[in-house]
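In the two complexes that follow, subunit A is the common piece, with subunit B as its partner first and subunit C second.
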Partner chain A sequence: MTATANTAMSKAEEREARRRAKRLKRFDSPWMNPKLLWGAGILIGILLFGFFGRLLWDPELVFIGSAPLNLPPLGFENLRGDGGSTAHPLGTQSSGRDILALLIVGAPNTLFIGVIASLIGMAIGIVLGFSAGFIGGRTDDVIRVIADVMITIPPLMVLIVFQTSIGEIGIVMMGVLLSGFMWQSPTRLIRAQVLSMRESGYVRMARLSGASTFDIMFKEMLPNLVPYLFGSFIAIATTAIVTAVGLETLGLGPQRVPTLGRVIYEAIDSAALLRNMWWWWGIPTALLATMFIGLLLVNLGLDEVANPKLRKV
Partner chain B sequence: MGRRGKQLVLGALGVAVLLALIAIPYRDPMSGDAPIAREDTVIFDLDRSIKNPRNFNWLTPGVKRLHGAHQAMWEPLFVLNYANGELEPWLGLSIESNASHDVWTLVLRQGVEWSDGEAFDADDVEFTARMLMDSDAISAREAIRFKAQVDDVEKIDSHTIQFRLKQPNPGFHIENFGVLNFSSFLVMPEHIWRGQTVGSFDFFPPIGTGPYTFSSATSQRAIWDRDDNWWGARAGFLELPAPKRLVWIETGGQENRAQLLRSNQLDAGQHLALGIFEAIQARNPNVVSWHDGFPYSWTDPCPRQLEINATVEPWDNPAMRKAIAHIVDRQQIIDIVYEGSTVPSKTMFVQYGAMQPFIDAVVDAGYELPTRANLEAAHAIIEDNGYSMGDDGTYVKDGVPLTTRILANTASAETTGTVDLLVEQLQRAGIDARSVPVEDGVFWGEVIPLGDYEMSYSWLSCGSVNEPWASMVRYTNNSMAPIGERAPGYNNTGRWDTDATDRYTAVVNRIGQLSLGDPQIPGLVAEAYRELDAETPFIPLVQAAKVLSFNETHWTGWPRANDFYVHPMHWWNSTHLIIHQLEKADGGP
Partner chain C sequence: MSGGTTKAIPVEYLFNRLLTFFLTVFIAASIIWLIPRLSPIDPAEAMLGRMAAGAGFVENADQILADLRTQFGLDEPLWKQYLAYLKSLAVFDFGVSVANFPTPVAQMLAAALPWTIGLMIVSVVIAFIIGNAAGAFMAWQETPKTWKVVIPAAMIFTSIPPILSGLLLMWLFSAQLGWFPLTGSYGLFVTPGWNWEFIYSVIEHGALPALSIVVVTFGFWALGMRGLMTTVQSEDYVQLAKAKGLRPRYILYRYMIRNAILPQVTAFALKIGLLVTGQILVERIFSYNGMGKLIYDAILNQDFAVIQGASYVVILMTAASVLLVDLLYPFIDPRIRHGGGR
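After this line comes the complex of A and B, so read on.
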């Protein structure tokens, strides 16, 4: 009896030890750190909300006049005493747009602007950063000075002037415009990393073996910078989204295509605060805050991947 | 004194200088003078900034009058009071025409003085009239209209002037001197203006005959202080108005305007969306509007419409303009932008009682505008003109999508809201429409008069309130300017100029020569309207319901439906009548 009990206990301990080892192994990978997982989970959740939302909800409700005006969310009342409706569970705004539809279409659009700006900014930053760091000399001087000068120019100010002069723009154009202010940081970061990697053994070896500059830069060195590049990508995507939301909240940017910033602008412009229409500005603001928390967590998580000193023992 | 002592003295001196600098209040050279209590001040709303606060030459482009200049300082000759339909004398005492309506005699009130003490008399009127007639630099609509009508002016005596017209016009006095809408012929002081170049003179500091004199102005506000030596009080014309100071401030958007009204920092507000007004009134019951209950609003005499540039392809084709007219859903504009507080336009005219015979004539002739869209008719016209629907839901012809840009003046949320909705209606009908927000100064100063637009939202048939000619004449080709040159008086800015325009112009010119009340007029209106209906040079939309807010916390006596002594547009030259009716809410002196 005792022996059987002992055997059962040792098996249970063994199982527990194996489970613990498996868990440790799983979290041994720096890519599986909780910040990164939580952040990625939030962002994926927003994207899925947009994707499945379009399948389950009518995206046409984002357009003017597609719903009754000023309805509160289900379970609430507006200033006139009208109650919410199941047809518009998060309420509607004063032009007859459905808030849920605006979130479903607007949130991915807001993220999309950041991704476009970040992708283009990163691509430019990688080319310029590698060229400056690896080639050096005059190339480095020119790129460094341009990046240093450009980084001092406040993007919001320039973009306001630009947008007011060209009129309405679309989502892609907005991303492209923002990318003009998103390449400087990755350029500087990559240049600094390349300068320190340039004299590494594997780079010298590649050079001795006759590899071309392009191959050394993009086949040998680039893979070693992947965590930095991811981190940088998320950081500039965050900056791009903040800038885009800033422009949209001022009434600039895409007009017919909904974004979260545009929804907030319309709420401010129509005095939603005074009219107690909290659902109009509050829900998109909460979603934006969630999006930024997700981006911050991903950024912190990627920092841990790139910098082992930040990992908890 | 030792070294330490010297240091102490120097330190003390430094501190003293610093304190003195802080203690001397910074004085803006353009700020108001003596402080005046809030209870003695009336604060009016300005829905746009003052582009050039040191320029009061109202005749030149971009110079505004609605920041108090023509409400407090420059008085009108007469005021057509919408409340009773009478032409109330002000600086003018009487105006009469000969039997053929081509010679008009104006008699001025005695005892009127400019605020600098100079007498106001026939010399000033004659000088101003000649200045308008002789100058090519003027752009104000009132000045252009006067210049187009008057052939000669002659001073009969110190208070009598005679105007000889180019052609008979029974409505000359109301159109030019009666503040028919917004403003009127404003008399300028000869002793200041003589010898000046009209196009470049800035008339600063300005003077007028009104009970308030200019105190200061910036791009966001203008201050006017009561002139206790005003001629009107001395001559027994009227008592001094109660407010000691009038202030116009730029409020910005509706949210800001609403907060200022709620917190009693604004006494007279511009238009607010109905829901916003209800929200303010729930918090501050002293804020009232024209009506006590729904729809709260006053019907502005300038119905809203969509202007179309008739020189830009494909809108130079009347059929394509007609297609746009079929797409417009007026009821949706009312439901969404005006929250049900107005009615659709049946014709180009404001739907006041006095206009009913002319509206009826147009309706009876079969030209009444529909309330709802007729998309089938629109699609048929567009397809007849060679367009086919593309995969993305936009019409295409020879690979080129059917697009349009509608300019929206950003000064008003009502404007941007309507344009957004029009864009939506056009988009859903297969036209790739876009809204282009344009700043107020650029809108009225450049793009509209120069015809630099495809479509724009405005109220350019504004004019008629008791007869049809004033609105209809604005679409004649009597004084056409080519694209790129200023359309005189903002008339026919879309440059509609076809054979139909010739026929329309001939009929409208006949109407202009008939006396008010002539029984031929309704029939002629319908005859002219046939051309408008066929060619659609512009598309009337809805009657303009304005929810104007008045705050009774500090001042009472505002014009309202239950106290309709004058129309409530406090940015018009007729505001003089309002200011003289204001009383302190606490009953104080």
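After this line comes the complex of A and C, so read on.
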């Protein structure tokens, strides 16, 4: 651009151009890739469904006997020939619980279990991963071996033993229990990243300039790990939810609060498949599937943020 | 350590892997032992409760309670109980089932395991082949356009746990269309043995459980393969092969897939735990005669010995598969050497 062109441009135009460039740049950010946006949109949608659902629909309908039995969704007929009603648009199940209310209360519960488990798991993972990678030596050996050992133990099996011997638990407790199996992969990932970053130029620079270990860890290195941390967070949240749903469909897991897995368990247990009550198991299944697709999309999107190579594909 | 030319596994690496394996099994077994000890439920009292529920009344309840405690070894100090437990695990002695009273748990596990392992091998092999083929074609430049749309669309299923796909397939193909039997692992009127009827029945019953696992796992392999293929695509030897004018299909099979497929085997080791537990849940909804049904029935019956034994065996299976992959991998991929070679 020449100097004359610059002066010819009025101040307002200049500001407008700068704003446009900024906006373009913002959309050019790797964080704005469609996979990430769609995935996050789906997950936020499910949360909003749970939030506004409580306001717009009566959550009391999850209780047994609060609605007529075995009603089909609106516009369908059940085996007895009853039609759906607007009072229960997604139908009801065989002990008189409203499916829509179950979904509204159950879906956020299922997500929360995953979020609690992976928040705790990430916190442990960050502390252990940094300690192992940064301090090294004996600390590293111990942490690495424990993480390697624990990563092969399938959480579901241990939790089945736990549930059958301890019994009733709530949502938060379930998340806490699951987190005992969710810290291993972030620990390994962060350790590997820290090891490769430790010798990089900017960390050496920070060390030479007298920054404290804490500052180097959390002010210099942590920001560079953010895409990995998010990716790891979503990955372990997915695993936690898969495990939780598995436990719930075995009839274990929280029993007093509805979760999507528990709805499916009751459906299988009452032979909903044979009675052709597809809405009972099918709708929660579809919602869970949507949730997992959302998580997958977020994960793929974060992968693109972390590995620029993938963006071209 | 010996140089790269020998194929033998270095002792140090073998020792490390075995140590990890035993540590895994040991820690898992200890956790499984510890959890019930934290529970307020007394197994002897629970068993007496069962008897009382069955008979309505139990005479000499105190005497029986004391006897049961001795039989379970509950009157011993905890460390003795723990050592006895470890010893019994080493010889696969898990006690007797409470629900099917005198049957040893080991016998029930031995009956269930072949079904689980059989189903697992079939579904894993099919998923591996389909997944890697899909991944390769997704990254290959010569793939027809339609395939490039169809394959990623199919990958959506990757994120769904097999239990959900199992439910959908079961509803569609068994309950609605009636193409496959709904539950079980072979027909009611078939005598187990090496006859065609039985084999046909087993295949018919296993098709849907296997399919529901394949549908949701092949995408994992496909994703990995796509990533590896994009790396391989820009390698010098592929460029050279192209420059030589070799047919694209020949380059794909002989140059690209052959090199890209190797790290996929390691990925298997990471996935195995989820695969096993996912399959167990699938077996539960299909009432397939494997570990899944065994565990589910045990949960319903509060049959703790079976649950403990089954969990231990599944953990053992997972750890053993990881060990196997770790040990076999360097033989499959000559570029990797055991242990500190890198």
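FYI, the second predicted complex is superposed on the first by the 285 of 313 C-alpha atoms of A that agree within 3 Å, B and C clash if a C-alpha of one lies under 4 Å from a C-alpha of the other, contacts with A are read in each partner's own complex, and residues count from 1 in each chain.
Here is the rule we use: contacts are C-beta pairs under 8 Å (C-beta built on N, C-alpha and C of every residue); 3 or more make two chains touch, one makes a residue touch a chain.
Keep in mind it's a predicted model, so treat the numbers as computed, not measured.
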Clash or fit (per the criteria above) of subunit B with subunit C on subunit A: clash
Contacts of A:263 with subunit B and subunit C, given as first, second, both or neither: neither
Partner chain in contact with A:95 - subunit B first, subunit C second, else both or neither: first
Touching partner for A:274 - first (subunit B), second (subunit C), both, neither: both
Subunit B versus subunit C as contact partner of A:65, first or second or both or neither: first
Contacts of A:237 with subunit B and subunit C, given as first, second, both or neither: neither
Subunit B versus subunit C as contact partner of A:79, first or second or both or neither: first
Touched subunit A residues, subunit B compared with subunit C: C
Partner chain in contact with A:166 - subunit B first, subunit C second, else both or neither: second
First (subunit B), second (subunit C), both or neither touched by A:255: first
Region of subunit C that runs into subunit B when the structures are aligned on their shared chain, from 4-12, 40-48, 76-84 or 274-282: 40-48
Residues of subunit A that lie at the interface with subunit B and also at the interface with subunit C: 167, 251, 268, 273-274, 276
Subunit A - residues contacting subunit C, complex: 145, 148-158, 160-162, 164-167, 238-239, 242-243, 245-246, 249-252, 264, 268, 273-274, 276, 278, 281-282, 285, 288-289, 292-293, 295-296, 309-310, 313
Sites on subunit A touched by subunit B in the complex: 63-65, 69-70, 79-80, 94-96, 167-168, 251, 255-256, 268-271, 273-276
Residue numbers on subunit B that touch subunit A, as the complex places them: 253-255, 258-259, 262, 273, 275-276, 278-280, 282, 332, 335-336, 339, 405, 413, 417, 420-421, 423-424, 427-428, 434-437
Of subunit C, residues touching subunit A in the complex: 20, 23-24, 27-28, 31-32, 35-36, 38-39, 41, 139, 156, 158-161, 163-164, 167-168, 170-171, 174-175, 182, 226-227, 230, 270, 272-274, 276-278, 280-281, 284-285, 295-296, 298-300, 302, 304, 307-308, 310-311, 314-315, 318-319, 322
